[in-house]
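Below, subunit A partners subunit B and then partners subunit C, in two separate complexes.
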Partner chain A sequence: MWEFLTQRWADVAYRAFQHTSLVVQSVALATVVALLLAVLVVGVGRLRGVANTVSAIGLTIPSFALLGLVIPLVGIGTTPSIVIVTFYATLPILRNAVVGLDGVDDALLESARGMGMSPLASLLRVRLPLAWPVIVTGLRVSTQMSMGVAAIAAYALGPGLGGYIYTGLSQIGGANALNYALVGTVGVVLLALVLDGLLVVLARLTTSRGIRA
Partner chain B sequence: MPESTDRRPGDRRPDDTDTGLQRVVSGAALTLTDVTKTYAAQKRPAVDRLSLDIPAGEIVMFVGPSGCGKTTSLKMINRLIEPTSGTITIDGDDIKNHDVNELRRKIGYVIQGGSLFPHMSVADNIGLVPGLLKWDKKRISERADELLDLVGLDPARYRDRFPRELSGGQQQRVGVARGLAADPPVVLMDEPFGAVDPITRQRLQDELLSIQRRLGKTIICVTHDIDEAIKLGDRILILREGAQIAQYDTPETILAAPADAFVEDFVGAGSALKQLNLARVDDIELRQPVTAVLGESGADVRARLDAAGETAVVLLDDRRRPVGWVFRRSLPDGPITAPRGAELLRVDRQATLNDALDTMLASAYGGAIVTGSRDRFRGVVTFEAVTEHIRSTARDATGREPGVAQAEAAARDGGS
Partner chain C sequence: MSVSADRAGETGGPAPEEGVDRTATPARVRPKRDWGLLVGLPLFVLATLAGWAIWRQTAGLDEIETRALDWATVRELTWEHIVLTVVSALLVVLVAVPLGVLLTRPGVRRLTGPVVGVANIGQAAPSIGLVVLLAMWLGFGFRTMVVALTVYAVLPVLQNTITGLLGVDRGLLEAARGMGMSKGNILLRVELPLAVPVIMSGVRTALILLVGTATFATFIDAGGLGELIDTGIKLFRYSILISGALLVALLALLIDWVGRVLEAVVRPKGL
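Our next item is the complex of A and B:
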């Protein structure tokens, strides 16, 4: 095992970097999409049910199955990975953003309106900052999930540690099969923990002291 | 014009007029004309053709049972609710002529509990509207400090705190400061002191009155508490369902002469007693009893008492400060000296009649000694004078021509 690691150290590190980079970029994209959708959903009351249903159903689709649907559309490589990871990453953020934005006291919003804040100013200066802790929680859930989804997306020859897991699976019984699978899995778990820790710090830095738990 | 409705708020708070200061008015006059709000789902309008004149610099209290449309009426003034029809003008200027956000920045808005933004510091909360008005940073922070000072919070200690680090009363104070931040001529308040305990509420009310004395804004305040309305209001608007005006008048008149059974019911029992909290000793005529200066001969004073047909004399020192109140039989024959024993009970000329009655009940002489500036003797207030005052207020109020709507009468006053 140790030998396996030292021989492939550079490759493992590169794959870990790729994996993280894929997840971070996809989650970032997902955050933007989810926030835009959430603002739309909260603004138009009737969309709320639709959004909740889509998030619930979306999360039940096996990622492997979705991959099968995406590959014919965008081919193999990095693109299907980004599409899949972003899709799954969007759902928890969207759900939390809707809950968070909805949870802002109506009296505060009316107060903002009564003081002459435009709808955009009220959204950016009152609603988003107050919903932020809930949104960041969604972001953390989303990031954890995306680590796993990114591993599966490697089936389409995408980047990251997922490749090791598949190599391990395809060589079952072989000399390094267990090593490949273990390094891939443990690597994903460790990366997930590190990223989560960073997000906790980010949440603290971006949340007003007045509403910090 | 009946005397009672001609009164200006300053009359009720003699400490202003006492010092010879002119009443400050920085507020603007408001006029509502046939303002109606109909909701699609409801048959009856929530507010049905409300017409109202609100004079500049006064506090007008909107009261009424829940669902009477008082809050709807208030929110139509800053267009949080758009009227279905009718016009509202501020200093003659139709509010519909303005961009809605710009209009709101010129109207202070204070709601229950202060409704501070929890993620902003106290200073940021107060500086919000000035910020929207693009004041420069330095001016905003100076203004925040000035306002914290005005509402009795030490700027150095409180400006950087967050709302959750403040008590309910402090939050409400900051809420008032925020409403006043951009120096708006009109301030709307929606149950501002509803969320605090009674003792804090009373203090906040007193503070609001003292702030108002200095600023003279036009303040429109919704409350469900008739006692709060009586205490704070220069005028009270009592509404029944559909924002129909039941009565619009000074607290004195409403207490003494409720327009109808609805108002009487709403004002509740003990309105004569409530009246006593409105009037000051200064408002009623004082009796001038026989007085004597220390050192005078008791025999001379007795002769004066007999001539006046009175049985007790008020003793004054050489600076005309009352030192005793003695019966004829207790006077010595020689020079009168200051009586020993219990401290002489007296009331300040600015005390409410309620305070004066309290003092009278503890006195054996059927009255209370009233003192003015530097404790100088001014006269004696008696039970008879107090009851006469209550009766005459009632008489003034009912002395109007019958059939004239209270609101119209008040509107004429406002325009005169």
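Our next item is the complex of A and C:
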């Protein structure tokens, strides 16, 4: 095991970097999409049911199935990984953003309006900051999920540590099969823990001082 | 990493099988039934399935595609997939609920945090990695897959069992004791029934995880609809690939629907 790691250290590090990079970029993209959708949903009341249904059903679709549906559209490689990771990452953030934005006390919004804030200012300076802790929780859920989805998506020759798991699978019985699968799996767990820790810090730093616990 | 309270309840509903299902939704079980989904979902699934069946009958498939999508084969794969899901789900409940009960008993409760914490970290492992590693250890086949699935889906039910039991009003327990109920009676007639809605929401999450993760069964010769997806990708036959993906997705939706129905049916009348 140790030998395996030292021999391939550069490759392992590179794949770990790819994995993280894929997840971070996809989740970032997902956050933007989810926030825009959430603002839309909260603004247009009737969309709320639709958003709930879509995110409930979306999360039901197995990632391997979605991978199968996406490959004919975008081919294999990095693109399907980005597409499906972003898809799944969007849903928890969207759900939490809607819950968070809805949870803001109406009286506060009224005061904001009374102070002469435009709807946009009230959204950016009152609603979003107050909803932020809930949104970040969604972000953490999404990131955790994305680490695993990214591993699965590697089946279509996507980037990251998932490739090691599939290599291990295809070489079962071979000398390094266990090492490959172990490094891939444990690597994802470690990366997930580190990213989650970073997000906790980020959450603290970005939460408005007035509502910080 | 955390089963921190801030997580609980912020997001509802199941996650795809790569769950890390922190979303296990303790404490936020909507009592309101979503009739649209309850009725619409099976109709949608049936309609799509019918559409697929018509396509399958009429499309000009070549020999390889015809063989891969043979009716008997598809039926068998679907059945295998369902069996994997259901057997593992039963095992999950058999393991997780008693464990949750045990972990909420006075004296043992100290262990709850550490146990759930460790389980949470384990849950961050990608399901495919878990399947592959277990297959290396236990060999290929149905049994290994059931073990992998069970291990993978225990957490949401365990977590929700604990949350549900701890959420029962202390006053009610006191009242039950005052009425002279024994500990076992209190557990079976007060605590568990009151916790059922939360537990069932965990079971639904577990079902989704299971039906999704069961697609990897094909990698270790344990059958299931994942085989069609795998074949489709390997042979680069979109008809097989999309059929497989579609059927898995439909099955997942159907299982989700069954979970929703179960949730509604099992809920004790008083709640």
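Note that in this section the second predicted complex is superposed on the first by the 213 of 213 C-alpha atoms of A that agree within 3 Å, B and C clash if a C-alpha of one lies under 4 Å from a C-alpha of the other, contacts with A are read in each partner's own complex, and residues count from 1 in each chain.
Just so it is clear, contacts are C-beta pairs under 8 Å (C-beta built on N, C-alpha and C of every residue); 3 or more make two chains touch, one makes a residue touch a chain.
All figures in this text were calculated on a predicted structure; none of them were measured in a lab.
S.K.: Could you check whether subunit B and subunit C clash or fit when both are placed on subunit A?
M.R.: Because the two structures are overlaid on the shared chain, the partners are seen to fit without clashing.
S.K.: On the A-aligned overlay, A:Gln7 touches which partner chain: subunit B = first, subunit C = second, or both, or neither?
M.R.: neither
S.K.: Could you tell me if A:Ser21 is touching subunit B, subunit C, both of them or neither one (first, second, both, neither)?
M.R.: Touch partners of A:Ser21: none, neither subunit B nor subunit C.
S.K.: What is the angle, as a multiple of 10 degrees, that the CA centres of subunit B and subunit C span when seen from the CA centre of subunit A?
M.R.: Seen from the centre of subunit A, the opening angle is 100 degrees.
S.K.: In the overlay, answer first, second, both or neither for which of subunit B and subunit C A:Ile57 touches.
M.R.: Once the two structures are laid over each other on A, A:Ile57 reaches subunit C alone.
S.K.: What is the contact status of A:Ala156 with respect to subunit B (first) and subunit C (second): first, second, both, or neither?
M.R.: In the superposition, A:Ala156 touches subunit C alone.
S.K.: Output check: A:Gly116 vs subunit B and subunit C. Expected answer is one of first, second, both, neither. What do you get?
M.R.: A:Gly116 sits against subunit B, while subunit C stays out of touch.
S.K.: Who does A:Thr206 touch here: subunit B (first), subunit C (second), both, or neither?
M.R.: Touch status of A:Thr206: no partner.
S.K.: A:Arg95 contacts which: subunit B (first), subunit C (second), both, neither?
M.R.: second
S.K.: Of subunit B and subunit C, which one touches more residues of subunit A?
M.R.: Partner with more touched residues of subunit A: C.
S.K.: Touching A:Thr137 in the superposition: subunit B (first), subunit C (second), both, neither?
M.R.: second
S.K.: Between subunit B and subunit C, report the minimum C-alpha distance in the superposition, expressed in whole angstrom.
M.R.: Subunit B and subunit C, overlaid via chain A, are at closest 18 Å apart by C-alpha.
S.K.: Go through subunit A and flag every residue that touches subunit B in one model and subunit C in the other.
M.R.: In the superposed arrangement, which is not itself an observed complex, subunit A uses no residue for both subunit B and subunit C.
S.K.: What residues of subunit C sit close enough to touch subunit A in their complex?
M.R.: 1-2, 6-7, 10-20, 22-23, 34, 36-37, 121-122, 124-130, 132-133, 135-136, 208, 211-213, 215-216, 219, 226, 229, 232-233, 238, 241-242, 244-246, 248-249, 252-253, 256
S.K.: Per the contact definition, I'd like the list of subunit B residues that touch subunit A in the complex.
M.R.: Those residues of subunit B that touch subunit A are 78, 80, 101-106, 109, 111-113, 115, 117-121, 128-129, 132, 162-164, 178, 188.
S.K.: Subunit B touches which residues of subunit A in the complex?
M.R.: Residues of subunit A touching subunit B: 105, 107-108, 110-118, 121, 126, 129-130, 208-211.
S.K.: Would you mind writing out the residues of subunit A in touch with subunit C in their complex?
M.R.: 49, 53, 55-57, 59-69, 71-72, 76, 88, 92, 95-96, 99, 133-134, 137-138, 140-141, 144-145, 147-149, 151-152, 155-156, 162, 165-166, 168-169, 172, 177-178, 181-182, 184-186, 188-189, 192-193, 196-197
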